[in-house]
Amino acid sequence: MATKRLGFIIRGLPYKTEASRLAMTHAIASQSVEIYLEDGDMVEPVVCFVGDGVLNCLKNQQAMKHYGITSLEQHIKNSLLLDLKVLICKEDIERLGIKEASLIMDAEDIGGETKAQIVPYSEIQKEMESVDHLLLS
Amino acid sequence: MGKLTIGCFSSLVGSLSLDFAVKLSEAAVKKGHTVDLWLSGNATMLSKKGQKAFKDYSHLQKPIQELFTTGSFQMTACEACAEARGYHKEDTMEGCKRFSMDWYLASCFSADRVLHIGGD
Amino acid sequence: MKLGVLMSDIRTGSDVIGRLTAEKLGIIFVGNGIYHATVKEDGKASSILGKSATFYVLSEDLESRGFSSSDVDSRVKPVTYSDLVDLIFNDYEKIVWL
Amino acid sequence: MGKLTIGCFSSLVGSLSLDFAVKLSEAAVKKGHTVDLWLSGNATMLSKKGQKAFKDYSHLQKPIQELFTTGSFQMTACEACAEARGYHKEDTMEGCKRFSMDWYLASCFSADRVLHIGGD
Amino acid sequence: MATKRLGFIIRGLPYKTEASRLAMTHAIASQSVEIYLEDGDMVEPVVCFVGDGVLNCLKNQQAMKHYGITSLEQHIKNSLLLDLKVLICKEDIERLGIKEASLIMDAEDIGGETKAQIVPYSEIQKEMESVDHLLLS
Amino acid sequence: MKLGVLMSDIRTGSDVIGRLTAEKLGIIFVGNGIYHATVKEDGKASSILGKSATFYVLSEDLESRGFSSSDVDSRVKPVTYSDLVDLIFNDYEKIVWL
């Protein structure tokens, strides 16, 4: 019986590469990983947005309307609905002039109870140290 | 000896990230390690069978077929990423598996080292 | 020359734009270029907006990324794909993608 | 009315450059212009038939089929770039042509405007 | 009877994307374009390396040895063999500390007579103005 | 933590590297990252080389791009794919790709 913690560190912008999208979909896939593992074994993802990656967390992304693809907003909400830990770097949102009101902080509209957290980079560094594997993109 | 899981999300040809992943796999297997190579996003291009060798394009089919014969290497493509690009089961290179994304997480679970090449 | 530049990135390409000169220069922010029109890093607008040019931003790409016209720097005019076709055929002779 | 030649070298899904090229083509054709879309490098992915629609991936097959019906739009994939990726003639989306790179230059020759989207 | 001049402006590095490779192979394809054109019509490419793109022009690229792919060096030589005009930006090679001796300046070893030219950026700007279409990558 | 960073680009990623800290930090230049080890822009070596870390560069990627060991900054050690496997398994516990 073991839990392995995977740190998905997202530093890229939402729509130029698929990197942040795939990081989110892989993190969410942790919900069905048990079929491959022994009883009691688990994978626990934590998702951290750093650098330009914090721009994934802006509200009102209309990618579905314009391009017919799920927005990163929807993926972040889905991960909060699944109670994944989601951290957003404080220094980076300040550097880019983003207000907390513009950020996706919860998934209440779809019934989620877990909230995203805005934390100093030092907290994210601690997460990076504590996880078993780092998946940065 | 350890297990290395490489996740590669980069497109075939040009970026050379897939070439890097394959060469690193070869070197690791040669030293007695085992390697899982997970192909997601545009990297699923590598799972398409029938790639023709030209001198202007990377051609990785041959080294991968050789890696398969060692028994210490497995390559799996993300099924949804492949289907979205029009690669169906019958289009898949021999020896390459197809699973959903949770396969990668399970491979990371039992890996000693993980290298996630996330960009394009 | 009359040159239209489609600027699709925020972190690269500024070196090329910096040197480009044209009698008539239009810079159209598309894709990840839209952050030049919307984000003030360390409180400062993108240096590209200081260039002598006419600036546009593609509304669809703006909105896909969570911004609206009200977030756009006053020097930049939002345009649609339809407007972009007219800019390409009527206002500029050469077009480059950065 | 003019002719626009777009050369796109970017990979399918994710970069959205191909989505941009297709949307620009739609808008240009709607205004009475004609459009040649040249697919080279990783952009030849767009020429693969049988792409499955998922909400997480761009799906451009439908708008392209509609563009073909206008008679003002043609799409051609670089043959070598396609073959290197394992896309053979029988893998090609209906209506899409395949030629060598000189086709693009000839299209530029007679174009009023050229948009070359060169990166990945 | 017309000649259309196409300016291939290469600003990207040799091996991260295929952009510079494809620019070169398309420029070289001008040699066979007549099959699509009327008698006497022609396409004349000019190739300019600017910014980080000048790093395509370094000698001794061993991409074939290590990765089994044609080097950009070979493509530049092939275009000189076909007498294409090849310009390399002087300010950029100076900025990156590259000496002329490190650059591919001719294709004499394969029988080429045309030489690459190191020119100030202002010359490249003039080329960009004089060509019919710009293909920047 | 013991962290190995595979640095694959020259124009992006420096912001991430700048903030990373680790008890033991190794930076391995691969792909277009090799220019950090070989090019002095405006006469100055890459700022990354000023970081407190052990530096490596992948020989294959160096040579593919027209450089040799003699062009490499003295702080950086050329390694092969085989060496890289040993670094990954023996020297570092976590590996990231930038």
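We just call them A, B, C, D, E and F in the order they show up, numbering each chain from 1.
Going forward, a residue touches a chain if its C-beta (ideal position, glycine included) is under 8 Å from a C-beta of that chain, and two chains touch if they have at least 3 such contacts.
Remember, it's a predicted structure, so these values are computed and weren't measured experimentally.
**Student:** Keeping to the contact definition above, tell me which chains border both subunit C and subunit E.
**Tutor:** Of all the chains present, those in contact with both subunit C and subunit E are D, F.
**Student:** By mean C-alpha position, what chain is farthest away from subunit C?
**Tutor:** Relative to subunit C, the chain whose C-alpha centre sits farthest away is B.
**Student:** Using C-alpha centres only, name the chain that sits farthest from subunit F.
**Tutor:** Greatest centre separation from subunit F goes to chain D.
**Student:** Have a look at where subunit B meets subunit D and say same if over half of the interface residue numbers show up on both copies, different if under half do.
**Tutor:** Because over half of the interface numbers appear in both copies, subunit D and subunit B meet with the same residues.
**Student:** So, what's the distance in Å between the C-alpha centres of subunit B and subunit A?
**Tutor:** 25
**Student:** Using CA atom averages as chain centres, what separation in Å is found between subunit B and subunit E?
**Tutor:** 33
**Student:** Which integer distance in Å separates the CA centroid of subunit D from that of subunit F?
**Tutor:** Using C-alpha averages as centres, the distance is 38 Å.
**Student:** Among the residues of subunit A, which are close enough to touch at least two other chains?
**Tutor:** Those would be 15-19, 25, 67, 133-134, 136-137.
**Student:** For subunit C, write out the residues touching at least two other chains, lowest number first.
**Tutor:** 8, 11, 31, 60, 94-97
**Student:** In subunit D, what residues contact two or more other chains?
**Tutor:** Subunit D, residues with two or more chain partners: 13-16, 41-42, 56-57, 59, 81, 113-114, 116, 118-120.
**Student:** What chain-chain pairs meet the touch criterion?
**Tutor:** Every touching chain pair, ordered by label, is A-B, A-C, A-D, A-F, B-D, B-E, B-F, C-D, C-E, C-F, D-E, E-F.
**Student:** So in the complex, which bits of subunit B are touching subunit D?
**Tutor:** Against subunit D, subunit B makes touches at 11-15, 41-42, 45, 48-54, 56-57, 59, 80-81, 83-88, 91, 120.
**Student:** Which part of subunit B faces subunit E closely enough to touch in the complex?
**Tutor:** Listed in rising order, the residues of subunit B that touch subunit E are 13-16, 19, 55-59.
**Student:** Using the touch definition from the top, list the residues of subunit B that touch subunit A in their complex.
**Tutor:** 7, 9, 40-42, 81, 100-106, 108-109, 111, 113-114, 116, 118-120
**Student:** Which of the residues in subunit F come into contact with subunit C in the complex?
**Tutor:** 11-12
**Student:** Going by the contact rule set out above, which residues of subunit F touch subunit B in the complex?
**Tutor:** Touching subunit B from subunit F are residues 6, 8, 30-31, 60, 80-82, 84-86, 88-89, 93-97.
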